[in-house]
Amino acid sequence: MLTIKRLDSDDARALIAGAAAKAREIGVPMCIAITDEGGNLVAFERMDGGKVTSITIAIDKSYTASAAKKATHEYGAASQPGKPAYGIGSAIGGRLMVVPGGLPVVVDGEVVGGIGVSSGTPDQDMEVAQGGLDAFAAG
Amino acid sequence: MLTIKRLDSDDARALIAGAAAKAREIGVPMCIAITDEGGNLVAFERMDGGKVTSITIAIDKSYTASAAKKATHEYGAASQPGKPAYGIGSAIGGRLMVVPGGLPVVVDGEVVGGIGVSSGTPDQDMEVAQGGLDAFAAG
Amino acid sequence: MLTIKRLDSDDARALIAGAAAKAREIGVPMCIAITDEGGNLVAFERMDGGKVTSITIAIDKSYTASAAKKATHEYGAASQPGKPAYGIGSAIGGRLMVVPGGLPVVVDGEVVGGIGVSSGTPDQDMEVAQGGLDAFAAG
Amino acid sequence: MLTIKRLDSDDARALIAGAAAKAREIGVPMCIAITDEGGNLVAFERMDGGKVTSITIAIDKSYTASAAKKATHEYGAASQPGKPAYGIGSAIGGRLMVVPGGLPVVVDGEVVGGIGVSSGTPDQDMEVAQGGLDAFAAG
């Protein structure tokens, strides 16, 4: 039998609040998604002005980061032409995201969930996702 | 050119808060989804204990209620065997929900979004969705 | 080798114009889709106020009527519980529509395309689709 | 509550007419799709000779341009191997189009919809989409 650590809905809210604060700081309205360690959605927010396409992209970045236990930008590096994971980005009906902005949420060395952010540049998305993690760790 | 009224992310949070309060009152943790008037997701929360299957069901109930401008239980009644809309429940890849728990959000006679709730019985889902609308109207 | 008769884009426009005129007459803004005899979309119009869910439903009604060479309401009757085609409504990922509002376009005894209408009641959808056929036949 | 500007069905027809005129000028029959600012289809035309594969491609180019508020060719540039958005083209089940031919429709600085064109070379698709915007702006 396994015992699993998993973020709860309060944790999810704290992650979104931290990310949204960073998004407002840099002036880019974002879609922000939180998934649990099984890749299943716990919470989502589209800030006013966040992109409609980014709804699915944010959810899938978070899904990838939590369920694969890897930041999406690491997949981006590993899936360049000629690299070992080339082509992984179209896996799972395109849900496996290789664009920056998806980060695992790690507690005591275990992945307990993920955060996915979309609507800005890849750098902005990653910065805002990190903002969520930082606020959560500080909280 | 058309001018459209659409709920914003504060409205979405108020709807979720109202629904979650009702869910706690009846003791059933729920998935709660809010879409805008175009059927696109604005906010989502899975309360601790909400069902994983209900993630998509809540989102699709909200999508149906907002984008078809009709409560999902009305489709349930209209799509019984022998009724005119029989079979509508498998439309749009199964996204057209005919199970109770999806309600349009109406402001000044216009549909500005939708709320979808899932994890309980159909009656509980509908009661919690209505709880969201009531809190929003009172707010 | 086969020689196929297929409606062209002028025909599609005439069908939409006829259906839209009927929709205005009965006061229900509609989504109207025209497919060719292969089930492929030729033209589509969402009138102002037509439902977002009805985009796909209108296209799939037209797809069904043209590609199956059968009105969607005939599938509705044939797929009731206990009837031979029971369950057909979830075929093709739910694209096989059994709700009224999809009619084949027939010229000289051959199906050359289809019209699909959605946003009203099933009766209204069928009436508006028939309005398209009537205007096309008269044109 | 938000107040949104959205193109209406007359606007959509004007955009299609302008694009079709340009398509005839360069002698390439096209699929032309118009979406609203939420990414939902408003109008579509496949000119006689337009490609069947281009039905979905034109719709998805328009979806991307409107819902992501960005021309699809910009995504093409940003998603080349080694670039920050590498891999974005398989997102949303492949609906996120990075091939030229999708342009946002902007009125008074706001994205009110999108136009997507497909069947020619990428340059031709983009030229015809721009033809739609030019005719709409002149109209």
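Which chain is which? They are A, B, C and D, in the order written, and residues in each are numbered from 1.
Everything that follows uses one rule, which is that contacts are C-beta pairs under 8 Å (C-beta built on N, C-alpha and C of every residue); 3 or more make two chains touch, one makes a residue touch a chain.
Worth saying up front: this structure is predicted, and the values here are computed from it rather than measured.
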item	value
Chain copies touching (chain B, chain C) - same or different residues, decided at half shared	different
Rounded Å distance between chain B and chain D, as computed from the means of their C-alpha atoms	31
Intercentroid distance (Cα basis), chain C paired with chain B, Å	29
Inter-centroid spacing, chain B versus chain A (mean Cα positions, whole Å)	25
Distance between chain centroids, defined by C-alpha means - chain A, chain C (Å)	42
Multi-partner residues of chain B (each touching 2 or more other chains)	2, 8, 38-40
Contact pairs between chains, per stated definition	A-B, A-D, B-C, B-D, C-D
Chain C partner contacts - residues on chain B that touch it in the complex	2, 38-39, 63-64, 66-69, 81-82, 84-88, 90-96
Residue ranges of chain A touching chain D (in the complex, touch as defined)	48, 51-54, 56-57, 60, 75-76, 79-81, 89-90, 93-94, 97-100, 121-123
Complex interface listing, chain C residues touching chain D	8-9, 12, 38, 40-48, 52, 55
Complex contacts: residues of chain B adjacent to chain D	1-8, 11, 36, 38-40, 107, 112
